[in-house]
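After this come two complexes, each holding subunit A, first together with subunit B and then together with subunit C.
Moving on, here comes the complex of A and B:
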């Protein structure tokens, strides 16, 4: 029997509504239809009526999670246009903010992924570990999100010397949490059964879709703008690009967890080697011409293009967020999988969309509206079934090694 | 491979296909290409040389419309932007989505927001705009009128 399951477009947890329609034959997903644009705010058009300085604030409003990703890409684009490089100290500060954001974004994803499979302890602990990262953002920028730190030619706020020891200490406090998540991923048999070989993307699938970030790297595609086209201070510090191989949901989680450890290392090195000096070139005008700026956001390459005629506002401003590419992997990854795994697969690319606001099942011409928590429940039940088949408690590895006080 | 090697590769493969080549930095290359060479060049960049289509930008400028296809050479950190001028009339270009599948969504976006017609596309279903969006209104055009959405804030 053919069933069509629409998911979306709105969910209060996510800042980016999308609509998925699962065409299901029996238990298996046969086809996926994706519609986006429900939250299209015409930001490219708006940018044409904003001054260059305002554009940075505007693009910071694109995303509520990786809110500094677009400002960094925009600063890179405007500096490419102007043919300048921000002062050294500003490059280090950009790197610190960019990596703090990766940390909290990956923790947010990890928690959500935990929730979708019924690992609610993981959910709570991941989000608990995220809080100190937001506290650091607040101490540095005054804001837990939308930090308003970036500008073309530098950064807007300096890092205070007296804050640095506190920031380092706060980062230390979440290291055991990340180790715990890493260990759970390595050792928990239920997680292995639930996440391995699910929603597999091959390197060819990544090439076909143009997928980016952890989604690409989990499939063994070794791309990362931070290394490939070094900007900010990424070429001044030691770190490595985390690359998986299996291309399944497990490797996507594994890549993100290990990336968090790299992020902490990058932040620590930047804070310890923060060079003195100016933080802003105080640019007054933009020349005519074009500029391209890229940033490796938590979800992959963020791409900005600017066309200038030398006036105070851009003639054209193009933005391509990584989810625009990553979402199309779902056409491939969800096909042939069960409905119980579909939520997880759609969530695995961290698309700023995961679960359902509402869900309606159309079956045999009859439409049945199902409670919003139902899809998560189907996924959760599969986890419980696997755990009971193994004769273990779900989240046993996690609970055995925690909680921390 | 670096920008220079890319240039000689494309020049030998597509003689006369590149109208101008501008290397603004080791990471930023812009090549104006003949519209009729675009498809084969895009195919070669993606399938032959393994470049990734990062995205494309359609712009409405004084000379009319143009599209920039931004190809990323990841190892080497090069963005090669192929510039195709569409002239002053109603903008139309050959679709490359059958050769470079990652172009599918961005072509749909350019069709909906800039009104570029892509010849030879299998599907022209809207990706971003709602069913109620009026036909023939393209908000990213410079002379585009943006209709009143009729949406009211607050109240039912």
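Moving on, here comes the complex of A and C:
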């Protein structure tokens, strides 16, 4: 019997609105259709009307879970544009915040993954271990999420010397929990039954889809922006990139659990070796030009591009979130699996849809996705129309390259 | 009159319902404590039911409406009758009939059948997927459960619950023997699936198929399904205590011991529920037809050799 199992737009599996159509034969998934776009907010366009300082706050609102990944990438992009490097102390603080975020994001995923396979005890325990991380964030930045710590040329808040011993102690308190998750993952036979050999992605699949972060590393693809193109203080501390081999859901969980241990190590080293000095260059203006910034977000490489004409707002701001790349692996990973496994596979890339959304137009039940090329075409058309209305001769390049149809 | 009293007050609707609500709270509270949560107040299951009873009943546009509405009633009625037969043999063993064990066994599988019928009647693809899973699960655990129930039958030489109880009060509990202990272990695992608890909550799997067969249910029919599930919490363990573990005895000490035994079985179910992820349906079928059936069959073999 062929049926379509709808997962979404609102479904207990998903914490955000998105739509997966599982085309199934009995319990077996034959085809997957992914529809996103329910969360589109036009952030890139919005960025063009904000000052550079406001842009950092704006991109922080892209996502609540990786709320510091986008600001770090944005700060990297703006510093690349300005051709400066933030003070040493600020770089260390960025690293600490970035890794604390990875810690809470991975714990959040672990809990959700537990919930998705009906293991609610794991869910609650993982989120209990996540609480101290949020407490640390609150103590440092004043907020449990949306820390507002980053800015071009530095950070907004200093780490107080009297907080550091407390932070280290609190980190110590979650180490046993993470060891427990590691041990459960290694030893629990029922978890192995549910997670091993499920949703396998080969390194070739990763290359085809361009997947990033733990999704790629679980398949044995050794990529990590923190090591490959060091920024912040990642080249000043000892840590290793965790790489799996099997590419199944089990390895994705395993990579994330071990990454949490590395994160704790990085945070501890940064806090112990925190250099004294300024935390902010007090940047006044941006030169014209381009800048790119990257950050290894919990879900993979987060990429920001900025184009400046020397004014106070960017001319173009482009964001590519890691989930946009990871999402397409589901086409490969979920095909041929059962419905029970497919739901787990969809969750295993730790998708974050609000980061990913692209513009979509729904009219009369028919959907069109508008890509960059089409947007340029629409814009050119409008310019030509306005020009003819005003009786002005449009620029020659525009005329030459004008709308193709 | 007595029959009406038996069905509605004791041991029927009111008494078993109250026990079910309390045990449901026990399950929720214990689960919450295991998960570092506070858990609900003791009357929360009753409050949930009362609230559901007051909600609108929405009927699916397609599918069979009579079946859709009949299924939850059938499931509830079957558990009530099963509970009545068990209590009757516990309180007045001479009132039982030959084969009441078999009758209870079948009555206790009616809630699962009701879920299958009700889910299929709703014509929802997720519900039919869940119903399909429930059929497979039912087929998987009924075989080892029946095999393990045959152990007391062989030991007591009787198909009557009263006969099995009389045998136990004379020769000690069935679970005291090797074959009985193994059979009880197999039955406890089957009980987990019968109660629809993780790792066997496959038919309802909330995060996969949004509660499966129950997806289209709302208001009072949903309340009846929930209530049936609550009733299974005391009835199924009580059934196991009756056939394997001495029943409720005749003294106050025996009664208290029986309460402790039911609580022990429910606690075991809650512990299994909270320390395991949900299995896939093929893994669950393999589990029941493999290790559990072997366990129950070897218990039966031991019983035939008089161990």
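Note that in this section the second predicted complex is superposed on the first by the 345 of 405 C-alpha atoms of A that agree within 3 Å, B and C clash if a C-alpha of one lies under 4 Å from a C-alpha of the other, contacts with A are read in each partner's own complex, and residues count from 1 in each chain.
Operating definition for what follows: a contact is a pair of C-beta atoms (placed from the backbone, for glycine too) under 8 Å apart; a residue touches a chain by one contact, two chains touch by 3 or more.
Please read these numbers as outputs of a predicted model, since none were measured by experiment.
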First (subunit B), second (subunit C), both or neither touched by A:208: first
Partner chain(s) touched by A:343 [first = subunit B, second = subunit C, both, neither]: second
First, second, both or neither for A:130, with subunit B first and subunit C second: neither
Touching partner for A:104 - first (subunit B), second (subunit C), both, neither: neither
First, second, both or neither for A:294, with subunit B first and subunit C second: first
Partner chain(s) touched by A:217 [first = subunit B, second = subunit C, both, neither]: neither
Which of subunit B and subunit C A:37 touches, first, second, both or neither: first
First (subunit B), second (subunit C), both or neither touched by A:380: neither
Residues of subunit A that lie at the interface with subunit B and also at the interface with subunit C: none
List of subunit B residues in touch with subunit A within their complex: 25, 27-28, 30, 50, 52-55, 57, 59-61, 68, 70, 72, 74-79, 81, 101-102, 104-106, 113, 126-130, 139-140, 146
Touch list for subunit A against partner subunit C, complex: 3-6, 11-13, 24, 26-27, 114-125, 128, 190-191, 193-194, 338-341, 343
Subunit A residues within the subunit B interface of the complex: 35-37, 40, 42, 44-45, 80, 207-210, 223, 225, 228-230, 290, 292, 294, 301, 303, 305, 307, 315-316, 318, 320, 324-325, 328
Touching residues (chain side subunit C, partner subunit A) in the complex: 31, 34-37, 125-126, 128-129, 132-133, 198-199, 201-202, 205-210, 274-283
